[in-house]
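Okay, so subunit A shows up in both of these, paired with subunit B first and subunit C after.
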Partner chain A sequence: MLRYVIRRLVLWVPTVLLVLLGVYALAFYGAGDPIKLIFLRAPGDVAYNPARIEAIREAAGLNQPFLVQFGNYVLNLVQGNFGNSLVSGRSVWRMISAAAPVSAQLGLLAILLTAVVAIPLGVLAALKQNTALDYAILGSALFLWAIPAYVAGPLLMVLLIVLLPDITVPYGWGGLFDVRIILPLLVLAFQPIALIIRQTRAAVIEVMTEDYVRTARAKGVPELAVALRHILRPVLTPVVTQLGLIMITIVNGAIFVELVFGLPGLGRLTVSALLNNDYPVILAITLIGSFLVMASNLLVDVVYPLLDPRATDARATK
Partner chain B sequence: MTASAVLPQAIEPPVSLWADAWRRLARNKLAMVGLALIAVLLFVAVFGPWLTPYDFLSQNIDARNLAPSLAHPLGTDDLGRDVLSRVIYGARTATLVAIVVTVIAMVIGIVLGALAGYFGGWLDAAVMWLTDVTMSIPNLLLVVVINTSLKPRLANWMEAQYLETLNPIYRNSIWIDFILVFGSMALITWPPYARLVRAQVLSIRNRPYVTAARALGLPTWTILTRYIVPNAVGPLIVAVSAGLGTAMVLESAFSFLGVGVNPPMPSWGNMISDGLRVWQHYPHLLAAPAIVLGLATVAFSFLGDGLNDALNPRGTK
Partner chain C sequence: MAQIKGDRLAVTRRTALLMSATALGGMMAMGAGIRPAAAADQVLRVAHPVFDMDWSPLRGGGAHQRWTSLWWAAPMYFDADSKLHPYVFTTWEPSDDDKTWTFTIDEKAVFSDGSPITAADVKGSWELAAMPSTKNQRINQLLAGVVGYDAITGGSGTELEGVVASDDRTVVVTLTASDPIFFMRIANHLAPIVKASEARDDNGEEVTEWWAPDAGGVFSGPFKLVELDIDGGTLAFEPNENFFGPKPKLTRVEIRTVEDAVTATALIKSGEFDAHTELVTSTIIEDLGADFAAGPIIPTSQHFWMDPSKKPFDDPKVRQALILAVDRNGLIKASFPNGPHQKTDQILNSVPGVDEAFEPYPYDPEQAKQLLAESSYGGPERLPKLMMVGISSPANEAAAQFMAEQWRQNLGITAVEMKPQQDGYSGPDQANVQIFRDDVGTRVPDAVNYLWGSIYSGSSNAQNKLGGYKNDEIDALLVEASAKAADDPDRIALAQKAQRLFRDDYCFIPWYQQAMSRWAKTNVKGMEKNLDWQVFHPWNIELV
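Showing the complex of A and B:
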């Protein structure tokens, strides 16, 4: 088991490095000279003084070969230094740590909401398989899965204002216990909820045909106990494996939800950096997003054998 | 069955796989709704220029921000352009992007997946690693990076080409948008296709007919293109239906963020983002493109799900 975890970790490092390299190379060769990008924004004496620009470039180590600069970037990253924004000159790390709590709270709450809402609904749909209730749950899940956040968000907002004209527009951030969080939270959780409902339903249907479930029923275990004890536990395994995908939908969704509802999180930081070509910020956010997804996948791989002991042998010997 | 099968009139004609799948699909109401919506979408996209009541670019300063009326069924926007015409042209953009991106991504996926599955070894490991890496980067962020870094380069290159050749085709900025949108979206959507094809090829490559072809001394290229790939692409149908929907959503997402197809080319995404600025006064500017985009993505989702059930009947009854 320990060997398996270590093996996964060792394999994980080059993947992270490759992502880093790819993203950095795109910015390095594509975006152009950062010094020029900085001074083109504020043309003063410096912009017309090539000698001074060269000096600044030399001091910042920007005339070194690609791999040296990449190595330095990685070394700085390890120490938590993401460089400075081209627009404001502020430390990217500061900008991110100011914005991250909003996104993190919203995202974690959305994951929690997903677990609380979607798993019971998925089990219910499977137990009532092929009834009207099942079709209603499945149909809504398909619908929620398909609706993009930038469609659901604005439309719900319009609907809310039409239904309750006296309410203030749910725009802005007031912490976790503010009513304005309800709508963005719902919209952010829509896709994960749809995903988990479908996953849970499929898993329950598969488990229900297992011999041990029939045995439990045959010896007279009450239906609720069968559902909770014999069906739910093996079902959680395939559901947990979706964590990486959930993370992707939440990172992507946060960009739109924060933009639509005016939340000062990482998503909005991404959009403003994008519009300003502020590539150190974009680079950092992309890396953090990828890191979150890859860390979720790693977590799943490590936790999976604990939930399903059968997976241990097959995976450890692979 | 055996008793009645003796009687000639009771023998059912053999049902082919596709006819069987179609019958199952036709029974699925949601999938049929999806199919009908997609048919409408395609019709509108193809015949758009003959359906639009107005030119999607023509501005009318006396008819700005009109509410829906008989003359303008979906109203007009802040430049007095007819919203219905723009929604219809948005359907053209969405369909074009969805089809081209899916085709490019599928070709990349089939080539890499088939090579990985057939040759195995380090090539397989490398391709699978690449799919892992691509799928670990949140796709929106990856496109954002590609866009911010490559767009200025491409624009410079086009400008240089123009100065050299004076060919006006290089002056059209819409091309840059389309090349970038197609390219970056294909670069992030190919992994599922590659994985599917690889899994298929793995199960096919040791079938007797492939071994026979190899024993006959056919070149590897012929074996791959004649015997393996045609038999491996069947399961892609479901993936393609889902992929078209995904590509459509991605296109509108990028235009919504301002990195996709740029104005004046209408795209549902940038219509929504324009509408978002004024929705408290003119909700129809937001609602019209949002509802149409929602219908389109839901349609692809319903059809894809129905196809999945119809072609893989294992899980359904």
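Showing the complex of A and C:
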């Protein structure tokens, strides 16, 4: 297993280098010069003097050829230096390390909430298949699935302010145990919950027809035990895989949720960096995002054999 | 709870209802919470529209610059009536040829740590603001005429030779050419006075976040920054007990970032905030009342600039046709039906020298149609696509859509595109953008300075938005006018003549003159702002 993990990590390096090269090229050639943007976007009485702009670009090292800039970036990165923001001059590492914990806490909590809410509801819907309860759960899941975070966030925010004027508006960040986290958390978890409910339900229905379930029932095993021990365990394998992949949905959703609810996480930082074409920050976030996706997939791969021993056997055979 | 019935797991309806009610109740209790009692007295809560991660006072721009007067003192400042007031400088005297200016620092002027503001601090502040790495967006408005400015701003020097600290309280400035209004140029917060020894490193460059409380920031204005969560987008200010001016009435100012205008509006309505840094929506008066957006008209005006170097505007008749095809009364109604901004016909506004005899562009669809037919393009069919940038707010969108519709109805032009950012077009289109929405203005109540930043060939506006526009006659008039004294009637007459010449070149669609809104609720008093976009008496802000 350790060898497998190391091999995955080693494979991640060239992948991320390619991704960084692509992002750097897009920022360099496509989005516009960040220094020029500072001046071009300011209202009209700004001093847009080409000689001065060039001096500022030179001071920031932006007058060098693309490959030299990218090479320097990678060299610095290898030494653990993410560089400084082109806009604020702040250390990118400092910016990331302030924002990442917020997103991480929010994301992990959203996954936890998804697992705690969606798996039981999915099982319940399957056990009560084709009943009113099943339809209600499935209908709600479809409804939630149809509302992306960038719609649900502002809508809930405005509704809350309009309909409940005496309630504190959940804006800003106060940590995991602050009341303001509830609404963004729900918005972030809406779609993953819907997805997992549907997947769990489908998997449970499929497993319920298996011979060993029928055998367990025939032996007189209580239904709750059948559900928990014989049905849920094989169902959990694909569901856990999906939970890992949901990380991408949550990272994407976090951008809108953090903006709407004023959470100082990576999503908000991403938007700010993209708007300013602050590419040291964009690259660092790309790197973190890539690592998160890779790590979550790796985690799934590590957990998978624990849930399904056949996976270990298959890997060993391979 | 769950029961085993036959071969099925059963959940009773009662249990399900109980669970739902518990979950809902828990969520309400945790997620909602009852709103705290009204904010403590004299605490101003401000919503800020940009996630600014840099609050240096030396940037000369950006949304955060709107609050510079809270914590930094300027050399001098103008009030809402453009009356000049002393601040760090108490006196200013020109030489006979207006090339050398002597300024005296207020003997009571001190920083928040109690140390005196010296001439060396003034020199250091200006040098730092002029250096390229500081990225001050408007420093040329202050120092462009100072000896040594070109070298320092070009990156080849770190010292302004033209600024000399002759003693601790006297600053002598030498200019490259006569400038009768130099004293006005420095009367703003574009490069306020900071403690140079704290803000500059050994190489003369700016120390990162030297102004942060953790770094022991020392301030010159009526408030000091006491709390900063730059990654969370929150700041708090409290009175500077060593401030050398009047004692502030507010006990605290809290600024929190709220990027979304709709959310910010809702939060202000719900009482979470008292004020906003800059809230631009078409419905601001309906949403928050006329008083919230009220404010004096300042010498800043918004227009649509046509780049005559780009097709089809290389033909003056096309430019003229497009201008005459727009009903500008309708344009202002479409964008700001209830104010606070006002329609304008010319560039100059709110400065001595507004041209009362200026002939506005008429609304004449028939003539417009005829001009387009007579142009080298022969009509709408052969015109290239028209591209507009700077369409970045609901009001801008409303105006741009209105113009596009007028061109469609009156001229038959259908290919019009709009993008929010100046860099919004990519690829070949980037080089072909013909129409820029942007403002021009002046922080000096002077018509020549206004036009110098708008239509003079060396201005950013002429070079970028007007595609390198250059009218030699206009340039000569403005150069001649700039050497005349501020109160010389010829100065104004020359400026007005230059503006009329620009009118005849048909390069802009005049839109509105800008009100400097209070962006504060009715109970907030003392929020009046000046042509420098600052609350000019921040110590007078109070909640009543």
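In the analysis below, the second predicted complex is superposed on the first by the 235 of 318 C-alpha atoms of A that agree within 3 Å, B and C clash if a C-alpha of one lies under 4 Å from a C-alpha of the other, contacts with A are read in each partner's own complex, and residues count from 1 in each chain.
Here, contacts are C-beta pairs under 8 Å (C-beta built on N, C-alpha and C of every residue); 3 or more make two chains touch, one makes a residue touch a chain.
Here the structure is a predicted model, which means the values were calculated and not measured.
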Quiz item: Regarding the shared-chain residue A:260, is it in contact with subunit B (first), subunit C (second), both, or neither?
Solution: both
Quiz item: Which holds for A:87: it touches subunit B only (first), subunit C only (second), both, or neither?
Solution: second
Quiz item: Of the partners subunit B and subunit C, which touch A:139 in the superposed model: first, second, both, neither?
Solution: first
Quiz item: In the superposed model, does subunit B or subunit C contact more residues of subunit A?
Solution: C
Quiz item: Now for A:154: first (subunit B), second (subunit C), both, or neither, which partner does it touch?
Solution: both
Quiz item: Regarding the shared-chain residue A:18, is it in contact with subunit B (first), subunit C (second), both, or neither?
Solution: first
Practice problem: Could you tell me if A:110 is touching subunit B, subunit C, both of them or neither one (first, second, both, neither)? | Solution: neither
Exercise. Using the superposition described at the top, list the residues of subunit A that contact subunit B and also contact subunit C.
Key: 30-32, 154, 157-158, 161-162, 169, 259-260, 271
Quiz item: In their shared complex, at which residues does subunit B touch subunit A?
Solution: 30, 129, 132-133, 136-142, 144-150, 152-153, 245, 249, 252-253, 256-259, 269, 272-273, 275-276, 279-280, 283, 286-287, 290-291, 293-294, 297-298, 300-302, 305, 315, 317
Quiz item: Any idea which subunit A residues touch subunit C in the complex?
Solution: 30-32, 35-52, 55-56, 58-60, 85, 87-91, 95, 98-99, 124, 127-128, 133, 154, 157-158, 161-162, 164-173, 179-180, 182-183, 186, 217, 222-224, 227, 259-260, 262, 264, 268, 271-272
Quiz item: Mind pulling up the subunit C residues that touch subunit A in the complex?
Solution: 2, 4, 6-9, 11, 16, 27, 30-36, 51, 53-54, 60-62, 132-133, 135, 137-141, 144, 153-155, 206, 208-209, 229-234, 256-260, 262-263, 266-267, 269-270, 272, 300, 421-423, 426, 438-443, 453-454, 460-461, 463-465
Quiz item: Any idea which subunit A residues touch subunit B in the complex?
Solution: 15, 18-19, 22-23, 26-27, 29-32, 130, 139, 142-143, 145-148, 150-152, 154-155, 157-158, 161-162, 169, 202, 205, 244, 248, 251-252, 255-256, 259-260, 270-271, 274-275, 277, 279, 282-283, 285-286, 289-290, 293-294, 297
